[in-house]
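Here chain A shows up in two complexes: once beside chain B, once beside chain C.
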Partner chain A sequence: MSNLIEQFVVEARELLQGISEQILALETQPDNTEAMHELFRLVHTLKGNSGLVEAPAMTRVLHVAEDLIGAVRDGRQVFSRELADTLLDTFDFVACLVDELEREGTVQASYDHEANRYIQQLQALGGNVPETEATPSQTQAETSAETVSIETLPVEAQGVARRCLQAGHTLCWIVYEPEADCFFKGEDPFLLVRQTPALCWGRIVSRKPWPPLDALDPYHCVLRFELLSEAPLPELEAHFRYVADQVQLCTVVAAQPTAPADTATEADGAPVQVSAEAIDQILQAQRAVLDSPVDEGFDGRLQAVGAALSGLLQAMGRGDECTALEAALSEARQVRNPEPVRRWMEQTFAMQENQTAPETNQQALPESAAESASPAATEARPAGQRSRSSSTLRVSQERIDALMSLVGELVVAKNGLAYLASKVQRDYELSELSREIKMHYAVIHRIAEELQDAVMQVRMLPFAHVFQRFPRLVRDLARRLGKEVRLEIIGEDTEADKRIIESLADPLIHLIRNSLDHGIESPEERRACGKPETGLLRIRTRQEGDRIWIEVSDDGRGIDPEKIKRKAYEKELLDEAALERIGPTEVLQLLFRPGFSTASSVSDISGRGVGLDVVKRTVEQLGGNVRLESEPGKGTRFILSLPLSMMVTQVLIVEVAGQLYGLPVEAVVETVRIAPEDIQRIQHQEALVLRNQVIPVESLQYRLNGCKPSIEAADTLAVVVLQLDTTRVGLLVDDFRETMDVVLKPLPGVLAGLSVYAGSALLGDGTVLMILNPQTLFASCRSNSGSEAFASLTM
Partner chain B sequence: MPVEFRKRSVRLVDHVSVEEAEPLLSWLQDHPRAQVNLKDCRHLHTACLQVLLAAQPRIRVMPSDPDLRRWLESCGFHEPS
Partner chain C sequence: MKRVLVVDDAPTVRMYHREILESLGLAVDEAYNGVEALEKALTQPYDLYVVDINMPEMDGYRFLRALRQQPELPQTPAIMVSTEAADIDRVQAFQAGANLYLVKPVKPEVLRQYVQLLLGEKPS
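Moving on, here comes the complex of A and B:
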């Protein structure tokens, strides 16, 4: 796929998003003129961009849509709900075309038929304002002012023009001066000219005399095309739409006594009346630019001065003097001295200065003031353009990822220094050196932390990124289900890692569908319960420390725990004993089990039996967890908690049989040291009573290699209490070590199959730390320990 | 190849693209008396047209494409009579 298309696709998606937001905003407030203007601007931009890629169907549809929106903006059309529907449908179709473009690199002609359907729909809505009248009337008003008398045409053209006018045809005089660097933009002006509709005369002239061949730059366009065409003005405007700023279109009229003699200059130059004061200011500015020292920016400045001066000459109707200016410029370029240009300015504008000097005396005298102000004025435009183009940078994800893994390596290498410092102290007893290493370590540590923060910031995206499509989703779903729903989004500025934000989109959409479909009742039902007819769906995010909390809540009918219990029993997810024992909060978590769906009927919105378990799995893959709270009759609330970034994981290091392992800190509830006699045996299972709660205890060593350590021999036992879903499990280890920030690396190759490990990390001394995955560690525990008591407890 | 350089002439064929402008220019500089055969030329990129306009070489055969022929004639190119 070409770069252009790639960029277009990205921008088009952004524009489409903005368009749909504005349409939704207008639906609630049809007289929001600001949104209207914004909508028009977005559609206009998208239409313009679409002309750059091969998508004629898209451009056509957008053109009609733009007309319709323009009509609404100008008050010739009312913004109705139907209009919003049609527009949304249309832009969905455009989004399809964008997808197609991304896949295929072009939009097939097979879409033309569909495009026509949308165009007809749009035109039907704007029925009373036929499309042909909507825009050309405006453009005609703009351009009809420009007419050119037949006498001012070149002699060769006059005969043709007269014949055409006598035959009663409208005739258009076209002057096309391609930009000098147009070849670098892939343009072929001659081809465009040859394809001009209804061309009846044309000639090609050079804008300046040809230089000797060895000085000729073939890629610097100096041609001017002068054409006569019988095609209607709008058609010609469409033909030259991409080079509109380089083309002048004038309607040719028969000799008019009123036509002033100087229309000739109007035809090839801009007919602007330039005030003497303005000229003076421009000249002042150029002089100031020329006065700046000669350095590597000299050529660029000279070019800018040249452009400004030739523009000035054109504006003053003295375009013929450009040649002399060019000569002065090239001379200045050769000698790297602005003197020739300065001289030329003095000669050419001597008269103006004399005239204006008395008027602008006060301004002209303080040279320094003018000097300080004018470079700013001349540089303001290029500088502004530069800052706009560099304020955002599109960088591919791979590069950021590469940067991130480099930062990770730096963090590891940095930890090596701390290790080295203690080694120098311990083994060589060079405390001075050790201190210095530690000092350097502190500096590198600070920089590494900042670097890590900076890279994390780059990857941070606000939640608005995923939330922005929700208003549309909720609106469409609510209308389909015949429910009234108000969506409230709080905290869309909260930021999190790009990967987290992006992976959350699907789970959140599922939760929203779930709330709309199962949670919020129909308006009648709500009225019967004494609730307001419009249901409320609230999405709230907030950041707490290094974790993100997301809450999706509704004020619907809530979830009945009894119903869930029955369902779970029917589906054999619970046995009778568990049915009795299970608490209301735990019952709700059953909804996250695969294959569990309470919807009595399968709808296309939610309730396919897949869903909540996928939500849970996705969130857990991101290192988070999800909880469900519900109060029957009052509403339901999903609470998701996620790490802010996936770059650094905090682990608790534990020691087992001389080997170190890491446990993710978020799974650790507490660490306790107990006496061996505190461990009780319930059938085959060791357990521990901690603050009146029975916690099954499992030895990590047994889990990993199958040998049971003799617990009776030790004085104290170290137990890490882990939180697994709703239950707690104690993990018996030999000793605790410190907690540490590590960069988690997934296990490579065949090792990836070892689900007991979440990954590995490098320690400061170069050893590898294996990070355990508590979930799978105990899942394997359940499957092969054969301990029923434990299995039912952890359920 | 849209441009075939011979000993004393150059033959432009079909669509002469923008890339040919530079070689065409340098060839015309090296062969100031050369002739240009445009018989099978259907379009010249503007850059190449510019080169021809600047160099004003002798034309051996004008294009058989009537439209392009008209354009070149309006620029003052003619077949030797």
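Moving on, here comes the complex of A and C:
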């Protein structure tokens, strides 16, 4: 059944997401009936599903929650902020239970206590409990009203139980699951069980299969006591009062085949005979169908009843009586009256007939009530129901990843053909063959590109995927900070690669927290500044070419550059000289330095000193960059730019000391060839003046292996100008080559620690190309001695 | 092989019923709501229907009413499965033409027993 749990978990998470969306929608528009009905339907479905897995605590909580929501829907309760809070908390707890279920395959009874707390909270708000449920302010919950059928007891217990019941005693089925750490609480479950009043049967089983002996923790209680007692319920309740949340008491009744399943008393493997009850149930049902007032479809019903009855006869080994049934059916069809079938049933099942049929009195129910209830139930549902089309496919991430890496290999292998064509031409002078290879190459190239596109499309997710959590996050944070914030999301339909979308969740959450914590002011402060009391947090995404832009902006107090400077000086990130020279744009970049935090006190929302640098690093790992703009008093804006997909990177190939390296073209501003004398020394740094701009120059070879190449000897020098955040840097290389599309693979194992490289790629001829990461390549350069020179040069 | 159509909007419930029914050696089809169920029933007759009540677009009651009004279809038993244990739901189910009413969650052994009885198979 593990598939079932997997399916349940997936669906439950979807439902919970929907539930939280509807609650938030209702909070802004409490009279939105469509959202109310949708909320009820979602909770109802979730409750129904939870009954299919081993999570009694979840079912109980959901039951009460559904009731409360039903009360609000029917106008018996008002949708208040407090109610929304409690519901959200409750569904968070349910989400925890779902996680637990995913991990363990079951929800342990140890959650019952917590569940009861939520149930009480809901009840306090008016979630009345239906008949079989616990009554308010009673943690001994499930006790009195619950019954259990004798047939669902373990086989060993059934004999004893039957004898007791026949003797006319009341019988109680007790399931006691002591807490795992009960031995440390001074409890003695065994003694307690042995002292159970009027104990007539009992056994001890383990809740889970026993672990191997060496893994067994004897101080961890995994036992379940199953007991039968003839004592009256109140006495048993009193006996178990200290462990009430760990005990389930159910009255045993003779038989009740359709009783809702109670997981605690599940009796797997108990053989089911053709019970008289089951046959009786079916007969009663057919009678009810025949007795119902019929508008249309009389023949259809009659035929279905006939099919059910004939099935029943055959199952009972009385198949030969089917002819009589057929005769009764055709007679009924002719007279358009079910009477002949009814008569036939009476004769054939005379034995069952004399058993009382409690359900039959329901036929007296007025027809109109039933008729009117049914259409109402359907029409009340929102019209724009998203119907889950069965043509969509759920595919595991690994399969898509495997497909993608194959496509990557195909793209690389394809490049081999181009290489082969030029080799045939050059070394063997077979231009005819070379041309044919090129033609084939063109075909494969096209197919490979389309395939790559198709796989990319599969991996595309809309930003809504991560944004859907934000309304709740913003609401909760704002409430905690005592601020009023309106969240505006624009462009949630923009799509990007799944990995990018998912990796962005944490950085974006951090930016949101940052805005709420540091950016947006308290309502009083805003009023004093002449701003509206409700702050605005806006998240906007858009696609431009093959890049995605994400803006997180607020209309808060903005960032004061002087404050940043002071802080940076205190933290020794800047010296006095640099402090004087640094420009307003560079100041903001300081915020992205590791260990920089402007919050004067560490709050639990943001400002733990880790944060913006992590945001920056994550975005850069995804091949993107972050920019920060701020205007004191007006607000702050973070701008993230990311590639659409991470499959293909365009690189400029450069040569250094006979080796080829790739540089991501996003970082390349231009390539220039200059004379050696164009390079000048300014302080300790070599630099180049290009169109009146001073650009510091570094040798790539020096960066990589510490050897300075002799630049004087060369006629011209090749310099790649790179854009790093707000500064430009010239990178001296031996030569430029072409730009090309490559599939970037991260470096494996220990090599991953070489942060200078973004990864490697295979070239068409099979050689490995190392792709440089310009950001980290110059990181050390900026943080030590170079920083001063940099600061002075970029002025 | 006998065929059963499971009609429920919750995939989890469909899977749960599917596993139980398949353990009886039945072929199982699924439908998301009454509309889809009716479409499937009209293309291919089933020996048994296991139907939820609350579903979008067309609920279980309306589905059964519509099903029972198809003259060209061989009419076979339908089990209505619902979380509601109230008598009113039971009565409405029978009025719509259900041949049995079970309360969710139905225990595997209980569902198995009823399905076998309705399909005329000796209990295993």
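The rule is short, and it goes like this: the second predicted complex is superposed on the first by the 503 of 795 C-alpha atoms of A that agree within 3 Å, B and C clash if a C-alpha of one lies under 4 Å from a C-alpha of the other, contacts with A are read in each partner's own complex, and residues count from 1 in each chain.
Operating definition for what follows: a residue touches a chain if its C-beta (ideal position, glycine included) is under 8 Å from a C-beta of that chain, and two chains touch if they have at least 3 such contacts.
All figures in this text were calculated on a predicted structure; none of them were measured in a lab.
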Comparison of chain B and chain C by chain A residues contacted: C
Touching partner for A:752 - first (chain B), second (chain C), both, neither: neither
Touching partner for A:190 - first (chain B), second (chain C), both, neither: first
First (chain B), second (chain C), both or neither touched by A:221: first
Touching partner for A:288 - first (chain B), second (chain C), both, neither: second
First, second, both or neither for A:278, with chain B first and chain C second: second
Chain B versus chain C as contact partner of A:202, first or second or both or neither: first
Partner chain in contact with A:689 - chain B first, chain C second, else both or neither: neither
Shared chain A contacts, counted only where both chain B and chain C touch the same residue: none
Contacting residues of chain A [partner chain B, same complex]: 178, 182-183, 187-191, 194, 202-204, 206, 210-211, 213-214, 216, 218-219, 221-223
Footprint of chain A on chain B - complex, ascending: 18, 21-22, 24-25, 28-29, 43-51, 53-55, 67-68, 71, 74-75
Residue ranges of chain A in contact with chain C within the complex: 1, 3-4, 7-8, 10-12, 41, 44-45, 47-49, 51-52, 152, 257-261, 266, 270, 272-275, 278-279, 281-282, 285-286, 288-289, 292-293, 296-297, 299-308, 310-315, 317, 319, 359, 362-363, 365, 369-370, 373-375, 377-378, 381, 385, 387-388, 390
Of all residues in chain C, those that touch chain A in their complex: 9-13, 15-16, 19, 30, 32-33, 36, 53-54, 56-59, 61-62, 65, 67-71, 73-78, 83, 85, 87-88, 90-92, 94-107, 109-110, 112-114, 116-123
